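Input: one structure, supplied below.
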């Protein structure tokens, strides 16, 4: 059942006092756990829990032809599945816009920041390159799947190793990982979504809070540089609010990064 | 026994099993079950209204089972989305559990069971059925009993219990025959499939082995339910 | 009286002529067998299984809290998080309402406290004829596992009354697991919510009422 207007009003009243139902501050994330290497057949994987929200991210690598306009670069493909397992709100069927948007927004955060050095994933220019498949799955949906998945992607990529490639027989030797980790940049592009509820801006909403959000802005940034951004949902932001969003992103990014740094060796 | 199993197991030895209920807080019932490296997670939503209305059955409820493998659960990435294989496994799994469900208790309603394989090392449909039945019990669904599922393999000429991926790919002699079987807690067979080459005599032997193995699995499942505190 | 124990479907709870199969059980020959997962209980020969988890199963006489899903020409369709929707007819409202005035009384999205006065093949019928029922105007709604409701209410209301007294809030517990909390200060409402969740998490412990009193002393 979606959050009732009654409870929604209470949430907004409390926010106006700078408080949230679970005692967090408006710019505070829930308790987070990150586990890597949770699926052995993946080249890299991670499980992220943000409060009760849980996502799994797996990395698979394959060899294929490069895109014609980037003959010496590897490929990246991000997909997301909002599994019916994770919520009564998700149904079976072709991907809905929610999962498509989630995948594309997070794709841009990784792609535009050039986090993966795609040039190093070229095997033979114009003929063979590695494709990195990032697959996101929701296991329990309790708000903010976006950021949980974003963190999961970073953790899974950092956990990934390139499989051995048999050039002669043109076969990927899955299960035999080389010692080569995925070529990643040092700077980590963390994706953070800022949600507006009434007059207040918060991060990491529970499902209850997310149900009543008016609009949200997801930003992927690293070291103060923003490389991707998307505003979602239909209410407007004032100019002032937009600047507040950007400032909040910088502040939260630093805190979030320091929290997860140790988990992302 | 002539054949040595790659992981050192005796011919009738199951891999280490792990079962737990309540792993998906949003679900009405949920569970995970694993045979060694094969991990399945199941969530149940329902009983609830059946949509579309014309599919409602006024005499009894409906069980809808979906089996899905995560893209990275296997070495060769699976494109997300249903495949013919997953659809068939979904149906067969549904049939494996139907006989114990008392679905006349929830007419016009549907119970959705979603099984996802997080990591695959053969016997995925068996792990899926084991997790699904735990999730159904956890969801308080009325059932006569629970079911337990295991795969019996024939490697060349010898039978083994709980087939691993390496064994599934066994190619010496007569190769590998894979036989997933499901039994109810009171010893009735609700599911059997076969892929390979086997005599009637040996198949009877396989069924006997499966029944015994399912009794072991039943204890693991029972323990998971008894030790959960939701 | 036999000891309570957790049972699984298909398990024999007790055997013997004198036992009768109650809810959640079935009699086969001389055995009483569980047909749901839960806690078995035997009183004077009647054996039943109390579910620990799973959806709410509506019963006549239950007080429930629901959300208006739809307004029809003669009533409201209400979602009470049960396998079937419930219907509140115009005729079960304690005052006269014009056929065009239904939305003004309650509209889609509104929350309501009602009583189930009838259940039949066609559905669940609700009534708000008594004084304690009707549209919820203020407060917050929380959802718990419906199987924990008896614990939250307590023997003759002892548990919920303790929470009401300690927080000064009005609390209405729906048998379907939805709970309406309304207080003069949000802090008190949240304290009541926390207390309810405390009870649901510790529902297996003995002497819970005392433990809750201790918890309140610490929290305040």
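Just a few scattered comments:
Chains here go by letter, A, B and C, matching the order in which they are written, and residues are numbered from 1 within each.
As a working rule, contacts are C-beta pairs under 8 Å (C-beta built on N, C-alpha and C of every residue); 3 or more make two chains touch, one makes a residue touch a chain.
The structure displayed is predicted, hence computed values, not measured ones.
Taken pairwise by the contact criterion, the protein chains are fully connected, each one touching every other.
Remark: among chain pairs A-C and A-B, A-B carries the greater number of C-beta contacts. For the pair subunit A and subunit B, the distance between C-alpha centroids works out to 32 Å. The distance from the centre of subunit A to the centre of subunit C, with each centre set as the mean of the Cα atoms, comes to 38 Å.
Touching of two or more other chains is recorded for residues 48 of subunit B. Against subunit B, in their complex, subunit C makes its touches with residues 6, 8-11, 24, 26, 33, 35-38, 51-55, 83-85, 121, 145, 147, 204. Residues of subunit B touching subunit A in their complex: 24-27, 30, 37, 41-43, 45, 48, 66, 68, 70-77, 80-81, 112, 114, 116, 118-120. Against subunit C, in their complex, subunit A makes its touches with residues 1, 4-7, 10, 13-14, 17, 19, 21. Of all residues in subunit A, those touching subunit B in their complex are 38-43, 45, 52, 56, 58-60, 62, 79, 81, 83-88, 92, 94, 133, 135, 137, 139-142, 174-175.
Contact residues of subunit B toward subunit C in the complex are 22, 28-29, 46-49, 58, 100, 102, 106, 108-109, 137-146, 184-186, 222, 225-226, 229-230.
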